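Two complexes, one shared chain (chain A), two partners (chain B, chain C).
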Partner chain A sequence: MRRHAHRTALLYGALFVCALYFLSPLYVMLVASFKTLAEVRGSSIVSLPEVWTIQPWIKAWSEACSGLECNGIRPYFIATFEIAIPAVALSVLLGALNGYVMAKWRSRFADLIFTLLLIGSFVPLQLYLIPLAITLRELNIYGTTAGLVLIHTVYGIPLTTMLFRNFYVALPDELVRAAIMDGAGFFKIFFSVILPLSPAIAIVAVILVFSGIYNDFLFALTFGETGKRPIMAAVQNIVASSYGIKEYNVNIAAVMISALPTLLLFLVAGRFFVRGLTQGALKG
Partner chain B sequence: MSLKLTSLAKSFGPVEVLRDINIEIERGDFLVLLGSSGCGKTTLLNCVAGLEETTAGRIEINGRDVTQIDPSDRNVAMVFQSYALYPTMKVARNISFGLECQGVSRAERRRAVARVAGLLQIADLLDRKPSQLSGGQRQRVAIGRALVRDPEIFLLDEPMSNLDVKLRNQMRQELRELHGQLGATFVLVTHDQIEAMTMATKVAVLDGGRVQQFGTPHDIYHTPRNRFVAEFVGLNKMNFLAGRIVFRGGAPAVAVGDHVAPLAHYAFTEGSPEEGQRVLLGIRPENIYRSRDRLEGGAYFRAERNVLRNDMTGGDLQVWFEFEGQMIACRVRSSRPPDLEERNTFFLDLQNASLFDAATEKRL
Partner chain C sequence: MRQRCRRRGTGVRISANRIKAWFVLIPCVVVVFYFIWGFAAYTAYLSVTKSTFLPDHEFIGAANYRVLFDHHRWWVAYSNMFIFGGLYLAGCLALGIGLAILLDRLTGGETLFRTIYLYPMSLSLVVTGLAWQWILNPTIGIQKLVQDAGYPDFKFNWVASPDHAILTVAFAAIWHGTGLIMILFLSGIKSVDPEIWRASRIDRIPAWRVYFNIILPQLRATLLTAVMLLGFQVVRSFDVVVALTDGGPGYASDVPARYVFEYFFERGRIGQGAAAAVVMVVTMILIVLPYLYFEVRRREA
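Our next item is the complex of A and B:
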């Protein structure tokens, strides 16, 4: 019994040290973002601010300069959501439809297409840049929000298709057959029978696709609209802007703001995320 | 004529699953497709439902050729083995979903659900989700879903296989009553011969994708058309004795070893047999007695043997003895067990026996 207590103490001690190790950079950033620039440069990085100020956060949000524009990260923040929301919605919906077709309306080509999709999603992104640039130019949406929505939708589909297909394969075929006997058509079965069973896996898909799009840097930098670049490219721009002195406190605040949405998404939906990943499709 | 299958065949690629299926039943018949797993019975049901396309042949329902028609337009309804209730819908919507797909108005749907719920006594379950129901209740809802569409034919795919024995007996009874009430045609797939015997008006025994025999339960049990049917049907397996045909005074008789019995009572299916023809004689365990009084005719074998083994099955005792190189099973009342030390006398009654050609295994 005593030994047991010792071991527990040791375990928690080790976990505590690990947590400390991983949280310490966050702590340094947090305190720095609440210091004045002079204090950032003058004081130890671990010390608490002598004068608390939220000025760096305000400046990062609405005044920081990215290149020649000095509107903070707010416009880029909004631009990112203008891209992410339609792209997430489209790729999740299309992925669900794809998965439904592949799992429940099997044809000889289903496995082949699925394999191709999987291979496609393992090709390094950089390889796509030039073909994508040409395609977007031909479609006349190069450097626009629509262009990025298209790229992210298409790039999200293999992942969402795989998620939904694997989820739907576990659903009994008799469910679809029963609906066919009831006279339901292809879309009626999808929307009335299959989709209502999918919230758990849909949340997983939304989280994965959203964080992918939100954290995208390569496509954002390459195809983003000037002045409306997605957040990751914009933050990089702000941090890298080299006029005058580096405002570390403002840069840090900008980075922290940009990290908030994905963090919040995981905190709010994380419970469902785990459930969706581990849940066998159907109970009862 | 309610359902008529003509030379129906089905292949999955090179694999022939169904071959030359010919079945015809009348309205109000209860057809049971009986066979072991893999015999093609569920595929046949799916073909009738329209869930599988046929490779050749015709399906007629009520005189209408439906071979190429969509499942929902065939006027059939199906109860699935897993029930396949829609998990996200409440019971009421599960039942009325088919009507919803047909564009029936909300008020009419509600009336139809109420009617079915009354019939199956599930009115108090209508607001529940399938996951909140017991196995028996789910079964009822699944039947209700078929019932609400008022189909010409009900198709049931092993509907009782997921229920425990007690519930299964009860559902069997209810299904029979329902069949009587509705007067509709039922087609049920099962591997359970008791289910087939108790519920069917017609049984089709399937094996290897072919109909081995199609007839009333009585025919199937008492005049099996071949050895497969004889062996497959009957809870206690039929005994087979290798013998040959001999003629005594111009009349056919059967000889097994030194034992000879006349076949004057036997209705040969085609013509008379040949002298010396090798046959299999099938005798059910309940047609072997321990007293001469129970014999139904003059055709029998008498054997004095030691009992080698006996299996208690409750009211009956399955007793095994050796006869002409064969282990023979005999059914006796367990309240009067045979003496294991002494020789017992057995009478193998041939009155209800079946004769098969030893080579073709077809009924003589």
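Our next item is the complex of A and C:
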């Protein structure tokens, strides 16, 4: 019995030590973002602020400089949502439609094509950069919100299609057959039979695609509009480019702000996050 | 399904619906196909052209590859990918599998610990790199912490050290990637037949042996998935390097993905960058092929 208790203590001890490793960056950033600059430089990174201040957060939000522009990270934050919302909506809707076609109007050809697309979506994105630049320029949307919406929609489709296809395959074919008997057509079946059954997978797809777009760095860096770059490119730039005295506390607050949306999403809807990640991982 | 419906006399409507189905699918497939395989093929083509600041279609054979393979910096970046990759894979797998087993032993608090180990996954690799940059920064981070604690000679300056910078990148990336591996293995372990536990208790086999000799060998497919996922991450890793060391000091912690980007957009050597990108993909195919081979064989069996 005592040996058992001993083991349990050891088990929790090991888990606790690992928890420290995973939590330490978050903790260090949180406390630093509430310190004054003098205190960040003078005090230890693990100590709590002696004087709590939200000044770094305010400054990071509306005054921090990226290059010569000093409007804080707010414009980039907003720009990211302007890109992410339409791109998520489009790629999820198109993915649902494609998944519906593939699962309920089966064709071997479509399966083969999508396997090819899925394999393709693992190719290093660097390979697409130059052709993308040319294409966006020809379409006259280089360095615009529309350009990034297009990019994220197109590259999101293989993933969303796969998620919906695998979900719809499990729905009984009788649903579609019965609807056809009732005289419903292709789109009617989709919108009034299939789509109402899809919230569970739609949430997974939205969360996965949104965090992918929000956390994107490469496309943001390459195709973002100066002054309206997506958040990850902007925050990296703010941290790397501060002239003069490095305002660590402001930079850290900027990083915290940029991390908050997906972090909150994870804390609120972690269940769906996990399901998406494992499904995406296992079937991709 | 088509045939079954036809028997019931709705064949005409079915085929009309089928046409609609194709109308939905085909434009999407064509565009995505073009953006993925068309673009990849075009970049491969650029790698044998004279392209510098702008794409140029003059064919120059393997010249870009020759320049690339003579470039010391490329080999630093390329071998960094393997150093980083080896550490990243070993770290994520060891820590992820270990944590999955520990969590499986747990009677209470699993959700809390799981959330703690998994949350880095929701953050971007840029945030990951920047967060670790502060901890590893000698003037405010760990070095200062230990020095202030009474060890003024303590040195921990790996981020700025040519020999160690790539190790810090791996360290930060492991922090980010372990959660996914843990969750994959945790669900794998839990899906194993619980009969095993009753049987092993009767035979008095210790728990750790059950994990290592019975359960983990059954999770070979999970392991392979994990290795593939991590492998893809390694080849495309760009964000965490830029955010943590930006390839520095000098180019000591450069990686192929960053090399390609720099030669495309900052040095105006598109042909050479494209050649580097092609080498990246070829490397990746060499990683994927064994997986496909295994999958096909498993499905045939």
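By our rule, the second predicted complex is superposed on the first by the 265 of 284 C-alpha atoms of A that agree within 3 Å, B and C clash if a C-alpha of one lies under 4 Å from a C-alpha of the other, contacts with A are read in each partner's own complex, and residues count from 1 in each chain.
Here is the rule we go by: contacts are C-beta pairs under 8 Å (C-beta built on N, C-alpha and C of every residue); 3 or more make two chains touch, one makes a residue touch a chain.
This one's a predicted model, so the numbers in the text were calculated from it and none came from an experiment.
S.K.: Touching A:F122, do we find chain B (first), chain C (second), both, or neither?
M.R.: Second partner only.
S.K.: May I ask you to decide whether A:V28 touches chain B, chain C, both, or neither, giving the answer as first, second, both or neither?
M.R.: In the superposed model, A:V28 contacts chain C only, not chain B.
S.K.: A:D182 contacts which: chain B (first), chain C (second), both, neither?
M.R.: first
S.K.: Could you look at A:L197 and tell me whether it touches chain B, chain C, both or neither (first, second, both, neither)?
M.R.: Touch status of A:L197: first partner only.
S.K.: Given the touch rule stated above, what does A:P172 touch, chain B (first), chain C (second), both, or neither?
M.R.: first
S.K.: Determine, for the superposed model, which of the two partners chain B and chain C contacts more residues of chain A.
M.R.: Larger number of chain A residues touched: C.
S.K.: Which chain A residues contact chain B in one complex and chain C in the other?
M.R.: 177, 180-181, 185, 282
S.K.: Residue numbers of chain A touching chain B in their complex, please.
M.R.: 172, 174-175, 177-185, 188, 192-193, 196-197, 282-284
S.K.: Which residues of chain B touch chain A once you look at their complex with the stated criterion?
M.R.: The contact residues of chain B facing chain A are 49, 51, 71-73, 76-78, 80-82, 84-89, 97-98, 101-102, 129-132, 145.
S.K.: Which residues of chain C touch chain A in the complex?
M.R.: 1, 4-5, 8, 10, 13-14, 16-18, 20-22, 24-25, 28-29, 31-33, 35-40, 42-43, 46, 55, 95, 99, 102-103, 105-107, 109, 113, 115-128, 130-135, 139-142, 144-145, 148, 175, 178, 180, 183-184, 187, 225, 229, 232, 235-236, 238-239, 242-243, 246, 257, 260-261, 264-265, 270, 273-274, 277-278, 280-281, 284, 288
S.K.: Spell out the residues on chain A that touch chain C in their complex, using ranges where they run on.
M.R.: Residues in contact with chain C: 8, 11-12, 14-15, 18-19, 21-26, 28-29, 32, 40-41, 44-46, 94, 97-98, 101-102, 104-106, 110, 113-114, 116-117, 119-132, 134, 154-155, 157-158, 173, 176-177, 180-181, 185-187, 211, 214-218, 222, 232, 235-236, 239-240, 248, 251-252, 255, 258-259, 262-263, 265-267, 270, 273-274, 277-278, 281-282.
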